[in-house]
Each structure stands twice: as structure tokens, then as C-alpha cells.
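In what follows, a structure is listed as C-alpha cells, so that the remarks can point back to it.
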Amino acid sequence: MSTWGNNFRVTTYGESHCRSVGCIVDGCPPGMVLTEDDIQPQMTRRRPGQSAITTPRNEKDRVEIQSGTEFGITLGTPIAIIVRNEDQRPKDYGASTMDLYPRPSHADYTYLEKYGVKASSGGGRSSARETIGRVAAGAIAEKYLRLAHNVEIVAFVSSVGNEHLFPPTLQHPSYSTNPKFLQLIEKIDRETVDTFAPVRCPNAEASARMTKLIENFRDSQDSIGGTVMCCIRNVPTGLGEPCFEKLEAKLSHAMMSIPATKGFEVGSGFGGCEMPGSIHNDPFIVAPDLSVNGSGDGIESKKRLTTKTNHSGGIQGGISNGSSIYFRVAFKSVATIGHAQTTTAYDFQEGVLEAKGRHDPCVVPRAVPIVEAMSALVIIDALMAQKAREASRNLLPPLPKSQFIKPETSNGR
Amino acid sequence: MSTWGNNFRVTTYGESHCRSVGCIVDGCPPGMVLTEDDIQPQMTRRRPGQSAITTPRNEKDRVEIQSGTEFGITLGTPIAIIVRNEDQRPKDYGASTMDLYPRPSHADYTYLEKYGVKASSGGGRSSARETIGRVAAGAIAEKYLRLAHNVEIVAFVSSVGNEHLFPPTLQHPSYSTNPKFLQLIEKIDRETVDTFAPVRCPNAEASARMTKLIENFRDSQDSIGGTVMCCIRNVPTGLGEPCFEKLEAKLSHAMMSIPATKGFEVGSGFGGCEMPGSIHNDPFIVAPDLSVNGSGDGIESKKRLTTKTNHSGGIQGGISNGSSIYFRVAFKSVATIGHAQTTTAYDFQEGVLEAKGRHDPCVVPRAVPIVEAMSALVIIDALMAQKAREASRNLLPPLPKSQFIKPETSNGR
Amino acid sequence: MSTWGNNFRVTTYGESHCRSVGCIVDGCPPGMVLTEDDIQPQMTRRRPGQSAITTPRNEKDRVEIQSGTEFGITLGTPIAIIVRNEDQRPKDYGASTMDLYPRPSHADYTYLEKYGVKASSGGGRSSARETIGRVAAGAIAEKYLRLAHNVEIVAFVSSVGNEHLFPPTLQHPSYSTNPKFLQLIEKIDRETVDTFAPVRCPNAEASARMTKLIENFRDSQDSIGGTVMCCIRNVPTGLGEPCFEKLEAKLSHAMMSIPATKGFEVGSGFGGCEMPGSIHNDPFIVAPDLSVNGSGDGIESKKRLTTKTNHSGGIQGGISNGSSIYFRVAFKSVATIGHAQTTTAYDFQEGVLEAKGRHDPCVVPRAVPIVEAMSALVIIDALMAQKAREASRNLLPPLPKSQFIKPETSNGR
Amino acid sequence: MSTWGNNFRVTTYGESHCRSVGCIVDGCPPGMVLTEDDIQPQMTRRRPGQSAITTPRNEKDRVEIQSGTEFGITLGTPIAIIVRNEDQRPKDYGASTMDLYPRPSHADYTYLEKYGVKASSGGGRSSARETIGRVAAGAIAEKYLRLAHNVEIVAFVSSVGNEHLFPPTLQHPSYSTNPKFLQLIEKIDRETVDTFAPVRCPNAEASARMTKLIENFRDSQDSIGGTVMCCIRNVPTGLGEPCFEKLEAKLSHAMMSIPATKGFEVGSGFGGCEMPGSIHNDPFIVAPDLSVNGSGDGIESKKRLTTKTNHSGGIQGGISNGSSIYFRVAFKSVATIGHAQTTTAYDFQEGVLEAKGRHDPCVVPRAVPIVEAMSALVIIDALMAQKAREASRNLLPPLPKSQFIKPETSNGR
């Protein structure tokens, strides 16, 4: 179904050629300042053609809040958001070869198998426009997380084809042992990432390599994939629900629901399989930074544990441990290519499907705000679940003191 | 929470030192032959120490069906299953160093942060015994899938540390282009996999390399991780729900909810990011095998499309396309090691945590039945959702004939 | 939250003074003819002021389908519907006494307690406009049910104040023993009900009594409540899920979620408590009408059981038994009255709250299409759940013949 | 399905002739003292034959906690509970007339229609033993509510057949205007209710009338129904979620899911339909009792509003307003009677179904603890949802002061 989340629940709608696309966000905390200006920037970042953004204001994909706020304040009731489609009419059938052939590695075939009805756009909800509702909802979640816990979510392109920002080496089979990587994810922000437009890989040299590779694929009318890395800082401890709603499981689910994804790894990831336990284990230390969750907001700090290394990627036993969360998502090459492709039509006749028009040789940079949006939706839902638990527990009479009973749950402010 | 699935809904319970562990399976189709003998084999396969299984019958972890069947037939009502714990008493606090230190890369610390109460086993539900309920429920799902659609689910160990069954090469950056791999996943069965016990890698040479590596880590009182590959054959087309419940997203969620997982990739996976679209796209062909889903049950076959290659891993646009599904799951090295570890205690004092007793240097082989179980739970839930849609649609009056309206949904028998 | 249903899932949004109200319907079966003309009639029936409808076309509350259909055919993807608000601006605070007082028996006070933010309309989502999304979604569900199973849903006003269509008597403490009532619910249709506008009680004499009563309350600037009876015919057997999703429990939930409801009874209802078991039990007979569910569509009929009486109201053990379902819903008198009311302000000062403008003395007739809509949402969701079960079961190999194993589930066509 | 609740989630299992019945409670707040002694009393109250309880300890239906606690403290993980069945073997088919006839107004027929498989007990999960899991889970919820908010839940029998505790009169068409009733629900406790065993109607005169009536029905081998009234005191304001999860809608759903229920009314109920708005509206006053929710625990009290009358039954706009909640549930007469009944067999032959053995002529008194249990499950789930909202909101920066922004949500302690 098209619903995500239990506490902060998002339902999206819309395909390519209908009147509008959008979402309903149910469960947003009341009393938060929120206007369309909080949402539009991420919407604009996901638009095609960002590299050509030179006008200060891109009028396309304008967000319209329909409900759930008054005078710029959230009421706590469902927030409906719509974004009008420019091309609102479904195409007549029979006008193009797309009506004869299921496009290879698109969703035309599987949608017809599933629904028994073919949308004029072929793959119906598999359209990239489906992600608009996610990005809008994610921007709301993100604003809350920033205000409430100073949570920072930043994604960037970590590879295009075989050009990597941090290529795996014998010394560093996984990102998780590479000091440069670990420093980067503690500092990087979106402004810096966008400086490296259009590739959004925050390193001049790597960005140049990637740009060149993309240009090659563009020139050969082909396409190429890549990976997006995402880090989430200042996540409070205790988020993630055993056993089926572990935080990494929800993140993985969220990321693998983005179109064109083929893989997900968190912390040490696949490389971590090759590290002995004696190295992979993250020993505990006393946190050097006494601020709670790095929020630096003058709240009285408490002495607390943290881990010396972070192979776990900020999650242990499915629950956030307060360290930075980081994960990587694999995106396959775009299925729409300029090449002619030999394939078979719905009527079982083999033939050649020609592509027309222009296509984007690498959509990985545009996936960056979508990865951020889905991250925000996962974190806010887990946060609200944990808040319900903590608040419920804090109403109980205290238990006899013991080393193994915490006097009250404490990850809030 | 501890619930999985919408139509075939599993709720698990239990930790290490309580009376029992188990699950309730709600929504199992009625009228299926089911006894404990259908469930016990996978339960036995997940037990520790399978390599030493020489007695014909291992009496441990015996499954007891509590409800939902009569005379060996499912009633359609909730099936409760319990497996008694041998050690039913929580340990007294203060008896071991484990009470002083949160064990590195275990869930002791995060569980205490989350719940404010420390279970005597440390990580509560992060215990490996939590997976018993999953395996029991998965065995029921699997039986249904086999009877109804001849679905076959087989997992095996594809790497231990840096010893791989199919090491990535320049020619084959992804499994998805390797003919030997593609042949293997169409044929492999569990009996063959278990022939290669205890490693469960179905290749003598690779199995030997892995065994040796594990022995090295055992001897050095260390641990090592690895990957499990899983293939699912004969999945009908049309399974998986856009946009948040894409089939690969649910599989990823399911796998990343298994303890100690760090990564997931489906089809071409991370390697697929490096393949151009012109190669990665799976062209359509007429299916050479006319049997529907290979069920070979005498039902009249229909001419149908399939893909020539299978970089997609059997899923396109989040929906199964009838080809074999395959994916790989990364497991980190076990956190329990024989090494002493310098870490910090709950009271902020640095110290040395000694391990005692024996530990298993590599649990990846034991993860094989768990991966299979979670696969079955994902597929059956998606199947029932699609059955509801198909059956609902088939009650509607037919639409005017058109190339783009299928006369009736047809992936069932 | 604002979501209803598992298989046919409706999410609504909107309050009085925002841009629009509406809903997203997720899970509608694909391949159904659907346009705005299927939805508008019920929307118009719920409008205020129907008694004055003389123009053939009421242009207010126009439904706009945003997505999920192409060329008038449902795609199976989410159907978003919006209805624009005429008054899109929240009122400034301080302009009226409503800003000083929580209105008695409105939701102003509880919404402020719940959300900590006061919507300008007072009760936010408690506005009657919230029901627009329900009615739109219900119209879609209803169309499906009619096409697929010839299900007929008809509600009407059964009492206003103490004026009853069928007053309880010593002989008939419950409707369920009254032959006139039982005949009525087998025949009544919406066209007939609307003949008795504005009261919508399908009996000239009772309608006149009720009209007079409403006029009295209007003249005295007061308000009065009443009850709505609803019957659902041709519901297939087997709908409703034990144990928490019994069909009557879902109907009750649905009805009691409509604003201003105070009670629900099904079948014999409260009067049934006074009937001995020897009378209340519904004996089985062979169904005189051999058509399956009265669908009369030429499908071969099967001999089947039905009940001689219908005190059960068409539901036994939480599951539909094929007889007509009927239930009654109590609506309190409208809280907005012309009387001045002594009450207490937010600042704890007692005072007098004057009402202004006109109000509707009895909204029960307008509740009729809302009751029908919620009924449709309950039935379609239960139908799709049962279809998933039946279709799943029908894929299993047949069991040995026995009197107590049905060869295949059979409530479909 | 057999799952209730989102935050405090209960899944039940079991029928009459399986090994055990029970439930899994997921989401119970951690850190609460809980042993079987907290659960057993309500379990014993729901047992048949309480009137004969003379031994201090009834050894039947013993609760066994399987998981989720250690040393008598909840861990926050799933609490599994089992109660063994005495008769664990399904009956052989053909041994009784019950195998030939679907019993009138039992669930034998509808279960067979739904599942296509007949349980030996006839109606499978419609067995009264299904309620054991509810009562166990409710006892846990109730303990939490009492500890956290001093919530008190007390149900009692308000009518048997046509013998009422408070018969409706012209002066008091609804309970809600009757001062004696309103006083009773503020004071009544379970101990007092049980004093009036076996009828559980807390008034000597009414209890005597009811007892006599039941005896008459027992002597004539017939059965009779009745109603249960339930009051819930000290519920914090703000519970209940618009628009589909209104508090009265959830209560209604919960009650109507109890076997044999036919109706539900809250506050003024059906009688309230006959009261003019000018009387039905509940004006606000300053609460005379300054303690927050009557908790009397020394916490600083706040001046607050309450209502002068309580026709609303403690809920306005679907949200609790802090006043006592009260509602009434209708139970039909028991379907099992001593009379022979003419009915029709599965093979369509009319015949006479004889009853054997003893039966209980009125089960309404035994429904009392079940109504209490379901009430507790509704309230705790709504409470935790609201706690998540409040706690989330309280993390936001404060808004500019305004009369219509509460500085922080405050219904907790």
C-alpha cells in the first residue's frame, strides 16, 4: 500500500498523467511553525535539471498545503499536500511503440500483471513523480527532528559507476575503518553537498571523475548507476523497536522502497563481514562531548557512554546508541536509455524498441533528497514510538534503586 | 513491535531465560495439512551445533502447536506455537562481569537505554532465541507456498570473511552476470546445501576454504562474518505493493531484522551500480518453459513473457515478474569472542571484560534457515494481498476488450 | 488517526477553513469504471439544505478525482479526491465570543486539551466537513459492492426525538420481531427514502409527525436528535474476522466514529436482551430463494441454508450469514442552538454564550448518506479480507471428503 | 484478525479443544511490577460457577506468564500468557447431533462458510474461552492505568431481561439525567459489585428481581440476556484520535467484539436522542475538585474546567474531557438452551436438535470482567498514543504566548 509509518503516517498518491501528486501526513506534532517554504527547498532539490538552476526561484513543482495548519502553525490534524502535474492528460493508446512493448527493466510488464490494467505511462506509480509525496512529507518530519533534537540528515553521492569517493582498499575493506570517511560524516552539510552540483559528491577530485564518467555515458546514449551515502547525526538513544522494527530494518525498508534501488548497507556493511569480531566490536568509552546528543543548547549535560569506534553505524541490537548513523544505498543505472533495444512485444513478437527524446544518464544525484526524506520518516516514527514508551514509563512509581534500573528514561531534553 | 505481516501475521515472544519462546501465526489459510513434523526440521536446522548432529533425533527445541489445528488440519484460526526454554530462570545480578559492563557490540547498552530495565541476559529480545518464533512461522508459510504455487526457497552461505563462493571479478562485478551462479540458483536444494555441513556452502572447494578460515578464527578465539545468498523460485507474477511495500523493500526489511545483519542486495545489487543501462536492462523474450510457474501440475499452460537476463533479481518496479528472486544478506562477525576486551563499565570505569566459556566463531551457517523463514513470510503476505486484489477484480464485469486490459488476472492456477 | 480499513484503505483530511477537504482511497480494485458522477450524488445528499434543492444541479461540494483513474477506469493505485472549501481562510482570533468560550458539547475544549493549539473553527476535525472524505470513499466502495455482489445499502431515519417509525411495544420490544419492519428492510431503496425529504423517513404518517417535531424545535431555537436505521442486503456469507474484527464490531466502530453518535444496536439490539433464547434463536431452513445472494444474474444457484427469523441481524459469531444486515444508530441533538447558554470561559469566568445566525435543528436526515458510506467501507474491507482467504485456500490441494470440509469456499460468484 | 491495539497490542489465540488459550501483549511499559497474581483475580471472576466459589483458591484457568518479565518486573518486551485447556482433545466427528446440525444462533454455520473447515467445537474461536486472552491482557493494562493515572474501571449488571436497575422513565429517558445513577458511577467499586454475586447488580432489591427472573428461565430450560454498565473514572483529558479512532468508537468496537453483544450506548445513549439540545448540552464550570484526575497524590493541582452535567459520557468530539466515562452494552440471551429446537441439518433435512447437559441461563454477570478488560485495552492504547503526541510536542520550542496556545500539554502528572 502507499502508507508509511505508524505514529507519523504518510500516505502518498499520484502518477505521471493525473491532475496532481501529493500526500497526507497524519500525526505531525501540533504547535510547530510550518509553511510551504519549509517544504519547497527539498522539492526543488529533487527536480530534474538542477544543474541549470540559475534563476533564484523555480516555479515548477510548487507545494500547496491543503489542511492541517492555521496561521503557519500545525494543528496536529492531517496535513494534505498537493503538487499539480503539468501534463495532466493520459496519452492516447496506440500512439507510440511504448504501447506495443513492455519497456525492459521498467515496471510496464509487472504493473499489467499485477493490476490487469495498463496505465498510459506504463508503470503507473513506479513513476519518479511518486517520490514527490515522500519528499514533501520528509521535509516536515525533518523540520520537527531539527527543532526537537537537532537531528541532522545529510546524504551525498558516494560513487557513480566504478568511480568511488572512498574506494574500498585492502586496508579499509569497509568505510567504517576509514578516518577520512568518519570525519566527513560528522561535518558534512547540505550546502556543501550542493556546492558540488550537479554530482553532489562533496570532493572536488572525485566529483570531477564522476562528472566525466556521466558525460561519457550521456554521449554514448547509455546510463549508469551509483551509490548514495547518508548520515544522521544527533539521533537520541533508544530508537528502533525489537524485533521486526529494528531501526536498520526500517531504514533498509525505506531505502529499498525508493525506485531503482538494489542494495543497502549500514555501518561496516558488506565489508564488515570480512572484519574479525575483535576489530569489529565497538568498545565503550566515556563520551568526550558532554552535550546531550550534541545539541549544544545549554541543557545540563550528563556523563554518558559512547563507543570508541562506530562499525555498528550508530545502531546496536536494532536500537540507536547515540552515535552517528550512516548507511549506503545502491541505485542501478536508469532503464531509459538512448540505445535501441531488442526485446519482445505484448503480442509475443520480437522487435526493436527505439528510445526518443532526451534522458538523464544518471539519476543518482537527484536521489539525494529522497534518501534524506525517507530517513527523516523512519527516524520520526521511531522517535514518537519511543516517546510514547518513555512517557508511559515515567508515569509509573519508581522501582527500588538498582544498578540495572535507570531512574527514568532520559534521552529527551 | 514484534509483529510481522498483514494477511499472514506473525507475533513472536520470548527471551533467553523465560519459560518459553514462540509465536502466534494469524491468518494461515484453512484446510491445510499441518503438524509439528512440518515445522521441526527447520527448527532443528537453526539449532547450534548441527555439525555434531549424529543422533537421528535431536530432542531439543521441540515445537508444540497450541491451537489453530484439529486432526492435523489448519482451521484458519490463530496457530500458537511454543518452544520451552531449558534455562528458565533469569540469572541473579552481580554474579558476573556482564553485570558491570555493557558488552561491546551487543545490545546490552541500547536495551537499557530504551527500556530503562536491564534483562538478566543483557540484550533481552536481541537473543538468538528470538529467531525461533520466526523459523516456526516461516515453516508454516513455506508449506503453504510449496503446496499452492510450488514455491521453492533455498538459502546457502556465499561467503565467510573474504572467502567467497563467487568472488567478484572485473568480468563479473555482480553475481547477476555470472552463468555459474545463475545456474546454481535454478537448481540448488536444501538437501544439497546440508551436504556441505557445517558451512552450508554448496561447493566443495569453497566450503573447504571457508571451513579453514573459520577454524583459524576459532583457534584465535576470534569470530568472523559472512554472507548468505537466498533464491526463491516459482514466485507468481504481480507480488509486491507499490510504493512503500515493494517486494524488495519488504525482503530487505525482513532480512535486516535478523540479528547481526549489516547489508542487503537484490539482483545485481551493489555491483549493478557499475553496469551500464544497456547491459543491465533485462530484455523480454517468450518464456521457453510453458508451465505456469514451473508447477508442472497438468494445468493448461499459457504463452507468456519472461526476461532473457535477470539482473533485476525477479522484481521490477517492486513487483515480482515471475523470474527467480535472489538476494544476498551480510552478517557481521559475532560479538561474543574469546578475547579479553578493554571497554568501559556502566559506572564509567574503564576495565577489561573477559569472556568465558565457548563461543561459535561463525554463525552464518545457522542463519540459513532464518533467511529462508523470513523469505517465506514476505512472499506469503504479498501473495495473499495480491490474491485479495485478483479475486476482487475478477468479480467485476469485464471491460471492453483492449490490448491494455487483461481479461482476468491470471497468476493463480 | 484518520485512516480506515486494511484492504480498502481510506485516509481523510481537512477541516472547516482550509483550502480543501478530501481523501485518498488506497486498494480499490483495478478495472472498475469510475468517474466523478459515481461519487457526486451521495456528496450532494449529505449537503445542508437538501430540502430546498430545486435546481437540477447543485454546484457546491464538487468532487475532483486527482489520481488513480485513466479514461474513467480505476488503475488499482491510490485515488485521491479533493473538494474545495468555499471559506478557505481561518478566522482571526478575538472576533467572536467563540474565542472566549469553549462551546458546550462541542469539541473546542477537548481539541485544545489534546493538541494544545486551538483551530479557528474550534473543534478542528470535528467539523461536519470532515465527513466529506468518508462519503466520497464510501461511494466508490459502494459502486464496487453493487457491481461485484449486487450489495444494496439503504439507510433512513427511524426516529426523531420521541417520534418513531416503529415505536417499541410490549409485543415487539425489538424491531426484529416486527413483520412490517422486516418487510420494509427487504424492499426499501434510496429513491423512495428521498421521496420523503427532508426527513427521509419512508412513511408518510411518521414523516409528518417528525417534521412537525423538528419545526417545533426550530421555532423554539432548540435542537433534537434521532436515529438512523440502515439495512445491507445481498452480503455474501463469511465476512467478518474473529475475534476483534467481528463484522458487527467494525460496523459499530464505523458508526460511532460519525460525529454526534451516542449508540449502536444490531439485529434485535437492546430489545433483544429481553427476549428468551427460545425465541431469539434463529432456526435454520432451506433458503426459499435459490439465487445466490439474490444476484439474479443467471449464475447457477445452489441449495443453501438460511435462517427462518433474523434476530441476529445477518451476523452470527461476528460473521455474515447471508441474511440482511440491519442496525440502528443514535444521534444526539445538535450542540449548536439558538438559545443563550450559561457556561464558563477559558479564563474561568462564568458568562453567557449567545448563538448567532441560523442553525439546523435536526441533522439526522443528513446523516443518512454518511451511515451508508461507512457501511460500504466496512463491508468492502471485510469482503476483500475474505476473498484473500478464499483465494488462498482454493490453491491448496483438496482434503479428503468429509461432511465437515467444504470442497471449496463458495460465497463468490 | 485476533490483534487489538497499536501501542499496547494484544494478540489472542485458542479455541475450546486445543492445548491452551492465551495471548501475547506487546508494548507494555517497562519497569512495572507484574506477576500472575495481578492477572488471576479477573481470570477467576470470568470463570463459570462463581456463585459456588467457596474454596479460597480456584485452581482452574491458572495464568502462566511465559515471557516479558524478570524478577516480577516488566521488561518492555512481549508478555506471553498461556492458560491450559482441561479438555485438550477435539471430539471425534459423528458422535453427536451437533455434527449434523448447525446450532441455531451459534457460529457453527458461519464458521463453516468462512473457513470451509468445521472445528469440532462448532464455532471455533467463537467459544467463550476466547475471552481468556482478553481478560489476561486487560488485567495488565488495568494495573498500568491504576498506577499511572489512578484510573478506575468498574462494570456491573444494569439489567436482566426486562428487570432494570434504573428503568427508563418519562422523567429520565436516559440514565444521564438520573442523579442516583450519576452518584453510583462515581463511587461503585468491584468489591461492592461482587457482594451482589452471582448477579453482580449492586442493589439488593434489583438484584433480587434479577435473580428471580434468571431462576425462572433456568427452571424453564430457557435463557435470558441483559445489559452491563461500565464506568471509567480518572481518565485524563485528550484521549481518542480523530476522526476514525474516536474514543467512543474504539470503546464501541471493543465491546461489540465480545461474544453475544447486540448493542452499545455511551453517555445519554439512545435516550439522548430524545433530549433537546438545550438540555443535552453540558455547560462548563470550574472543577470543584482541584486534584488532577482525582489522583490525590500530592501533585500540585491546577484550576481547570469540567462540565456541570455529563450527558456526553466523558467524551466530546471523540476525545475524553476528564469527566467519568460510562457506557452500556447489550448481551443477547444465551444460544444454548435446554429446549429442543426444530431446525435444519447440514444435509438440508429438517429435524429436532436436542440439548444435553446443563447450561447457564444468563451469562451477563460473567461478562462484567470482560467488559472491564476491553475497556482497559481501549484506554491504555489511547493514552499511549496521546503520550507520544504530548511528549513530541513538548520537545518543540514554545510558540508566542496566546490564549489559544497552551504552553505545554498537561494531562500527565
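Chains here go by letter, A, B, C and D, matching the order in which they are written, and residues are numbered from 1 within each.
Criterion: a contact is a pair of C-beta atoms (placed from the backbone, for glycine too) under 8 Å apart; a residue touches a chain by one contact, two chains touch by 3 or more.
Just so we're on the same page, UniProt names per chain: A, B, C, D = Chorismate synthase.
No experiment lies behind these values; they were computed from the predicted model shown.
Contact count check for C-D and B-C (C-beta pairs in contact): higher for C-D.
When each chain is reduced to the average of its Cα atoms, B sits farthest from chain C.
With each centre defined as the average position of its C-alpha atoms, the distance from chain B to chain C rounds to 44 Å. The centroid of the Cα atoms in chain B and the matching centroid in chain D are 40 Å apart. In whole angstrom, the spacing between the mean C-alpha positions of chain C and chain D is 25. Contact of a single residue of chain A with at least two other chains is seen at positions 1-3, 12, 27, 30-31, 73, 76-77, 114-117, 124-125, 242, 389, 393, 399, 405. Across the interface of their complex, chain D is touched by residues 1-4, 12, 93, 99, 101-102, 104-107, 109-118, 123-126, 130, 159, 161-162, 173, 217, 222-227, 237-238, 240-246, 248-257, 259, 261-270, 272-278, 280-286, 303, 305, 307, 311-313, 315-322, 330-337, 339, 341-344, 346-348, 350, 386, 389, 393, 399, 402-406, 408-409, 411 of chain C.
The residues of chain B lying in touch with chain C in their complex are 6-7, 27, 29-33, 73, 76-77, 144, 147-149, 242, 383-385, 387-393, 395-397, 399, 405, 412-413. By the touch rule above, chain A contacts chain C in their complex via residues 1-3, 9, 11-15, 17-22, 24, 26-27, 30-31, 64-71, 73-80, 82, 90, 114-117, 119-120, 124-125.
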